[in-house]
Amino acid sequence: MSNEQARAESRATVFFAISAVASIGLAITYWQGGQPQLEGVLLAVITGGIGFAIVSWAKHAMPHDLVTEERDTVASTDDEVEAFSADLERGVEGIGRRRALLVAAGSAITAFGAALLFPIRSLGPRPGAGLKSTPYAGRHKRVVTADGKPVTPSDLATDGVVTVWPEGHTDAADSPTLLIRTRKSQKFKARKGREDWRVGDIVAYSKLCTHVGCPVGLYQAQKGLLLCPCHQSTFNVLDGARPVFGPAARSLPQLPLGLNDDGEIIARGDFSGPVGPGFWDRDRH
Amino acid sequence: MASGMRHRAATVLLPVALSLGAAAAVMAWLSTTASASSAGRDTATGPSAPADQISTGRALFVTGCSSCHAVDGRGVTTDDGSVRGPSIIHTGEAGAYYQLSTGRMPLTDSSKQAERKPPAFDKTSIDALVAYVASLGTGPKLPHVRVADANLADGGEIFRANCAPCHSAAGSGGALSYGAAAPSLSQATALEVGAAVRSGPGQMPVFGPSSLSAGQVNDVSDYVQYLRAPDDRGGIPIGRTGPVPEGFVAWTLGMGALLAAVGWIGTRSPARESIEPGAGNEQ
Amino acid sequence: MTDTAKGPAGGRSKPPPNHGAPMMRRTARWLDRRLGAADFARTALNKVFPDHWSFMIGELALYCFIVLVVTGTYLAFFFQASTRQVVYHGVYKPLQGVHMSAAYKSAIDISFKVRAGLVMRQIHHWAALLFLASIVVHLARVFFTGAFRRPREINWMVGVTLLILAIFNGFAGYSLLDDQLSGTGLRIGYGIALSVPVIGTWIASLFFGGEFPGADIIGRLYVIHILIIPVLIGLLVATHLAILVRHKHTQFRGPGRKENNVVGERLWPTYAAKALGLLFLTASLLCLLGGLFQINPIWVFGPFNPAQVSAASQPDWYMGWLDGALRIMPGWETRLFGFELPNPFFPGALLGGATFALLYAWPFLEARVTRDHDEHHLLDRPRQRPVRTALGVATLSFYSVCFLGAASDVVASTFHVSVNRVLITLRLGVFLVPIIAAWATYRLCRELSDRDGLPVQSGVTFGQIGHRLRRSEADDEAGAEADTG
């Protein structure tokens, strides 16, 4: 055994020993209740000790002769392929001419495959009106916070924002709505036909971004901008939540607001359009 | 031949130099941000502070703040129409306390968003200034924040619902539009949190007493205090900003170490080896 | 003819003289009597592998996969893939009394209650990040050395499929936890599915079992994540290795190396020992990362709520190119036949589809353009293929710009710059950077190969690519004959 090999083997022995000790350490750590950093480092020492031992041994104490092996072309000879084809076609000679048989067999297999796909239909319901309407549709409903409490205009300070849902539907994922009170000094431009959709300075928009549906959670009060943190779509609250930057191409749908007899804020109907991301037939009925 | 080599060297260097120049220009453009300024509010008034505190505050205000905000707090507009300092008559106790305690005010460079720095005034002076600013008009009161009996879990839920979109779930801050930013909360005291929540400084919305009750302000302030030293039982938190620093560590430390291991184990270049004739060649 | 089991019932033949390792010999004999594999095993032991360091990167991916399976199996005993709502009453105080899904609660319990649960979770997640990083580096190595050429096109396609499966499984894996960050990612996935023309709403509804978020998605992702994709990955990895063994590994040019030989080390003992050692070293690094570096602290993110979101929401790095493309895309939308083609379709489904279609097709595209349909077992040095190398670098830099886009808000807040300007810069960069990178790489390759006196292979220029894609060699020859004939 040469010097190099001897050194390598003693190094490997030391590494293996360290690894064994670390295993004991891991067992003790676990028995004592565990601790993530210790567990990770000890595991690293255990596996690393074995790894360094083996590699050290392989690099310095194992044979390293360079060897040459012949490599044939991957492709077989024409004769071999011919012989294989002949065997493969045994029993089906002339199949190419039996058109009706081939067509029938192909149809059977295709139909079987298609039939097997049918259970996929059970995975989910037909995409329906749910994508184009929210529980706000229909008769007027109060808007409520996540705790179910109704909102009066005085609950919302200037520059204030609160997330609300239609009453009774605080778990509806398509209905989160932003109530925002803009400043009197901020000039609000109502969309055509929506002049009476606000209550004072309070305006309501869908919270779901029209890009891919993230909640548009960032209200920048000073500028009157809503920013979506997912892809930085930016909407101008003072102009019907029109997109002014980023990948969103459509305004956030607006909710028509009103007041009931108790002075609480209500929704007088569904949003101005389907909420959330776009899809093929979004503006078809 | 030599001029040919120089020509070829230039055609490599030229696009590299152009790219570096373009990158430098882009970096310069990125670094200039839109201007930001604070603004006033209008909410409930509070009881007045003692008269001598207000007059002490007034004196401090005249020397330290009136050049931008005017002595009566109605703001200063220069002749060309630009606003040197906005009106602060509706800032209230909460707004004034927030700006002064975090050192954002007095502000030296109004072209950039104000950032936290060591406060320019001591506690007594801040209290006096706050009293004076509150007396100028109507503005949100400074809440009494008591975290001792706060509900930490409720605070977490309030934080994730209202604060995380801008300040991130770990309170490390986040980017807003056009150069503005929601700051990191790692140095925010409980009272500063309460003051900010009630006054909505800068781009921040206002959460009045009907949006967040006094108890809820206590809860969320408690949670923000927790976020200053959260449970990092997983190890080094690498910024707590999620997959971006995690991916960075994976590629630099992780792949770096793995490629180093592979480099140690494998051979370098076949061109440098020689094959001895007859060394174990197979048939 | 004698056979080995001669004499009275069950008698053994005489054992050979003992030298070497008697235990190993006895074991080998025992196995051979039952499998008859001595000859096959001998061929296998003596197989020659060239052991250049860059050939070991694929192995890194395999070892990360092994760690994933081991840690993942452990986690599967504790994780509950259920969206049933529960209330947390456990060790972690800031979530006391909070409503959450059983899936999220089980992940919190793994992190706080199960001994060694958190380190297993973290090792598993770091292993996933490095699994994908290794695949990508391995893909780059294979691409830039031309190892995908005939006869290895099938293996290349198997590899691309493995990349797709790995990306999807990683996404499915971290989405199982039903925390706020991954739930936001699922929402984006749902929106991208919706954006597909004609069938988008169907794809989304069938996959999620209705409108977002529904109650089914966690359970379905669980089946995909622990059964369907790992089995597919296992089968494809086995196929990948089998084809590799059939072809024998490629090698760089060098003394004594030819197209019809393999020069290297024998599999046994040295190559196998190195491979085994690398497995342990990889596991060691993953354990170190898992213990020392916190990853995916879901207790800070909170349980998923579809009306909430956090700043700095990004997917794991290997999906960054897709998320970044979504951010960089300006707010343009268009219509087709009177129907809506939503904005996310282009940087989402279309870019994703085009990426993988191009990857799959590359060996065949290159063969058509270079008109080289021979078998190749000797590798190229990248500098000898300036066009391919330049196109590869351009593609990598395109995806890197997209990748940077995903971090746009973190970049903006870290460096105190405007996120809008970052994105506008990236919109320009996504076109300019690949072009400049291609140009610089091409020049660099020409410089280096001239300096080293290496011949440039194939001699195809950028200008000829378009013509050669349209017309094959046979078409050109037919055209030439028609001219001269």
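Labels A, B and C are assigned to the chains in the order they are written; within every chain, residues are numbered from 1.
Simple rule for what comes next: a residue touches a chain if its C-beta (ideal position, glycine included) is under 8 Å from a C-beta of that chain, and two chains touch if they have at least 3 such contacts.
The shown structure was predicted, so the numbers you read here are calculated from the model rather than taken from an experiment.
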item	value
Remotest chain, subunit A as reference, centres from CA atoms	B
More contacts between chains, A-C or A-B	A-C
Most central chain, Cα average position	A
Between subunit B and subunit C, centroid-to-centroid distance (C-alpha), Å	36
Inter-centroid spacing, subunit B versus subunit A (mean Cα positions, whole Å)	28
Distance from subunit C to subunit A - Cα centre to Cα centre, in angstrom	18
Subunit B residues counted as touching two or more neighbouring chains	161, 164-166, 174, 176-178, 182, 233-235, 265, 273, 275, 282
Interface hub residues of subunit A, defined as touching at least two other chains	36-37, 40, 55, 58-59, 65-70, 146, 163, 215, 217-218, 229, 232, 234, 245
Set of subunit C residues in contact with two or more other chains	46, 48, 118, 122, 256, 263, 274, 277-278, 281-282, 285, 289, 291-292, 307-313, 408-409, 419-420
Of all residues in subunit B, those that touch subunit A in their complex	36-37, 39, 41-43, 140, 161, 164-166, 174, 176-178, 180, 182, 200, 202-208, 210-211, 233-235, 264-265, 273, 275-276, 279-283
Residue numbers on subunit C that touch subunit A, as the complex places them	46-48, 115-116, 118-119, 122-123, 151, 184, 187-188, 190-192, 194-198, 200-202, 204-213, 216, 246-248, 256, 259-266, 269-270, 273-274, 276-285, 287-292, 306-313, 323, 326-327, 329-333, 339-344, 347-348, 375, 377, 408-409, 419-420, 423
Residue ranges of subunit C touching subunit B (in the complex, touch as defined)	46, 48, 50-57, 60, 92-98, 111-112, 118, 122, 126, 129-130, 133-134, 137, 180-181, 251-257, 263, 274, 277-278, 281-282, 285, 289, 291-297, 299-302, 305, 307-317, 320, 406-410, 412-413, 415-422, 425, 432, 436, 439-440, 443-444, 446-447, 450
Residue ranges of subunit B in contact with subunit C within the complex	8-9, 11-12, 15-16, 18-19, 22, 26, 29-31, 33-34, 152-153, 155-157, 160-161, 164-170, 172-179, 181-182, 223, 226-227, 230-238, 240-244, 246-247, 249-251, 253-255, 257-259, 261-263, 265-271, 273-275, 282
Complex interface listing, subunit A residues touching subunit B	36-37, 40, 55, 58-59, 65-70, 146, 154-163, 215, 217-223, 225, 227, 229, 232, 234, 245
